[in-house]
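Below: one structure in structure tokens.
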């Protein structure tokens, strides 16, 4: 079967670089279009990620994939979506608002930008969590008269939370979720992101707009698809989001009140037996385990656990009963914010959409 | 009025050093007895805090107070409590179990060790929070037939939490408290404490026994003194305690369900108008403000706020309504774990006991 | 004696904030003019250092001095230097090039900007190191026909190095200096300075232009004033400047080849007996010791030693003979880059200039 | 060809764990003996690296190699060296002094301990740097009447320095080397190593005995093998070794005075064209490049460069002429202290010894 011709918009930025790594050697998607601002246009990619002095400006731990280095960078203005089967968008929200509807009208767009997340006709898909929401994509196409679509990734802090809540919701029901996050620096990007003077020997207790996103997106992801769209999950979600001096990997301290009583063994079993519902799909980027649960109380730690299964597995630990809440449990999770929480997660989503016959 | 003759047991350790700093220039307490293991006995203090090579081993930010440097260190075995009016104990829990009852039988002992915290006849006093619990000291003396007593400081993570809960409890009642702490390295001490390899670029999600202490001690501090002793506060307290790469200052993310509805302005007023009940006591170590509330959402930060009023003020920020809980509010606090949460807090307690006529 | 009317240009920036702290309660200089961009003009200073949301944007460890908070900020365009006796400039180099000659023509300007450092008629004065260079100020006035002058502070990495080299040069002569710096984040400022993602778990081995500055300025500071100007010191200076994850305090590893043999005791005596040549000047900002020498091999450490005497003392340790060099010695120094190395150092310079009768 | 039966002594410690990772899947060496203290004896390895609570105590970034998890741990007292062809020793220096001669008398021992480094009949072999020193191994066997031998790895700070000096020595000769190291935390181990309270926001300017080791070992490694043993290189080496807050990867700032003039291009060519002299040996652990030279002045950085070629390549940058020295050059290097500088380097050495016919 021929690979899908794939483009990344915003290919020279940090998230764009993550997409290149995530797509290197991909068995289904052939990355052929690297789109960036006109400043880089026409240059081979290897030059487009160098600064004026010729130094490489590469911000991902893995090295730049050699197979993409000679591809010429296409200016956004010259980009023709019709030449591709699949478009990944890694641009900032303002630009996303402008270009994603334009490209989505013609071709499938999977994006890490937040612009579309709140639209009624747009699902927030985490494959393995809300597979059925994919049907809303067809509705988006019908309503808007589009040949393509736009599917956004959730906020990176939401992803790990929603993944751990899903098995609890399925087996026991959820009444209430209270979460405090200890988020990594990479979530803030590099323009300028968090400066060293502010975070050394410190915690920053506020990340603008983050709490609202986590609360709203968690309810949408775990909501029910109805004829009218997605009805958000009815349980309350409340959170406080902080920044700590960690490179990658968001840590979240979660308190949950369940609808029904559950022993710790039952909760642990719910996590460990969780079935992503992939059947025989064999998605190339899906991790062998969706959730790992540690019994060692000193785990999970972001540095030790963020890269589990290439950063695609959510790692849970410190599972305890919480007598302070009705049917309460509490735990700590670590989720890789720039892998499962960003570009690699978007690639997984595209793989899932492909299996659903949505990529043409 | 003559100053009280004061001794510090464990004077060469980290907490002991903090006591020296807290007692330097104290208007009521004259530190005259520096007690340590027999290894240091007889040496002047300035030598006892040097290692074999002659290098100073001083672990407090402030320099060693010059007035104590020539005091000879007394071996624990040679220590005669009768020569002092007041004893501060800065020893480890195991040793505390053995010596504190012995010395407490004769003289007032205020201690940072945990050994006595759970006893029925022992209050956990935070001056300004549970002033009336001081009456239990007389009961301890009566029951045990002691001339002195033992009053322990609460766990350092508990202190900031209890201080912020007190005005909420008084004005609105409390139903439920859920807290996630981001604790500083200094709370783990130096033997060996947290090693750099474990905490750099990391969070450690577990501090042994800490959560139980915070839950139990918070309820005791905010409990009601009855004829039978202290009846613990009835609201539930649940917490997850983590370690982050910060030197000093515990950060705590708190979710509270109140008994009665309260607007944010009312809650803020409760914090800002909080009266420590000191009247005209003029305790030398008491901060001018017990609580500071920031409107800037980026505060409190441990590096910026821990030293407010010499580390004796608890700093609150990010105050928000929490619709997920009944009458819910949430906030973040920073409290200095080695100042108000340890030696300086113990000195404040002793000052308060002195005003109550308990120091002879 | 009336205090000198003093202005700070760039008063709302980080270095400007440092000047306010350095001038708070100053016995000779009355800070009356706070000059900033037109955006802040007319506002009281307390508002000019708040952002759109009303939050304080204050980047110095000490709190904002209350006595300056109600002063109105003057727009640079409206600033009349004739209303002041002394001007401190804390602006960026590009702006300094334009405005400092204009103001220096009329009034004394002491600046932390680098624009004037290389001019032949401009001394780089470190009071206590090259006091006689002050004569060049009169020459600058004569040559340029100015009533005022411009005197720049050296680069912050140069200051500590020059201070430690001076006693060696005086007593033993210097042939060669090789230095590797481990510089703090605050030296890079906040626009954006060093971002957390780049420096966590890392060292950055390059600081643009820094090595050239240190080499050139050290030779100028330790040079000889002649009829033609300053003849740079003849010894070679070579350095490698790196950035480490430290908030404040530059650490420098120095290897020196002396002209004449010296025992370690003689070198140590040279440091400890160093006479800043202030006689009875009683400069308010001068530290009681210019240099502190530690015998403890684990010192100096930036966190423990940077604040010695308010950050005005250079702290030396690890003094060893270096048999690899002719008459070799090696040592490590720590110098506070934003205190002695910036605003407080500039205030000290102004105090010295005042004693020389140069401030009118 | 049959693989060599291999044992690791000290297999449960940090360095032992690194050996397991380095030997996983090794094509020549079959790790069959895991030797540790009697406390672990008889347990399968998977249990021996768990603590009392059952939690894994694994301190290497790579996961424990599954193929070794079921091997039973042998008590040191029960270890029979005759059952193995090759022994790696990862024990502390004191124990090494006692057991390494005992085992070396019977079998080849390659060790990371320092006990043997200074002996006249013992080479410090870095394959690719001083291949000819291997002949001294036969002399050691002859002199001591041993069937085996002991070959120690150099100190981890020495390794990177010696590797970069070798091509300079060969092409231009060396007169003088001055080095300042910025060493990673992992070099200090975990017992307790460097505690977080000491290194956060700090630099520690002293590492006991380190400077002497680097100076002495560099001269030995780059010395000349004569009939009497190794004549140390005659150039002087002087260094100052510091600790910075970095997990892995030692950074070294090096100043070199060459015997003969060399342009920067010639020096760069010497690094880039360096031939390790392996011919067709195809050592499994040897990196494809011994040295990588960056032109980007912001490299090398320990976090970005330490893992180049699995941590086996020394990365150089900031190459500059140094006019302060005769024929001076200066540069910065990064070398992975726990890979090339420890267990993986020892495996490389054993591979080289095997090719020389020394492993029986």
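As written, the chains take the letters A, B, C and D, and residue 1 is the first residue of each chain.
Criterion: a residue touches a chain if its C-beta (ideal position, glycine included) is under 8 Å from a C-beta of that chain, and two chains touch if they have at least 3 such contacts.
As the structure is a prediction and not an experimental result, all values here were calculated from the model.
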item	value
Candidate from C-D, B-D or A-D with the same interface as A-B, over half of contact pairs in common	C-D
Selected interface, B-C versus A-C, where C-beta contact pairs are more numerous	A-C
Intercentroid distance (Cα basis), chain C paired with chain B, Å	41
Between chain D and chain C, distance of the C-alpha-averaged centres to the nearest whole Å	43
Centroid spacing, where centroids are CA-atom means, of chain A and chain C in whole angstrom	48
Residues within chain C bordering two or more other chains	200-201, 245-247, 297-299
Partner chain B, residues of chain C touching it in the complex	53-56, 200-201, 295-299
Chain A residues within the chain B interface of the complex	176-178, 180, 182, 200-206, 208, 236-238, 240, 242, 244-247, 251, 253, 255, 297-304, 317-318, 322-325, 328, 330, 332
Residues of chain B that touch chain D when the two form their complex	59, 185-186, 190, 192-201, 245-247
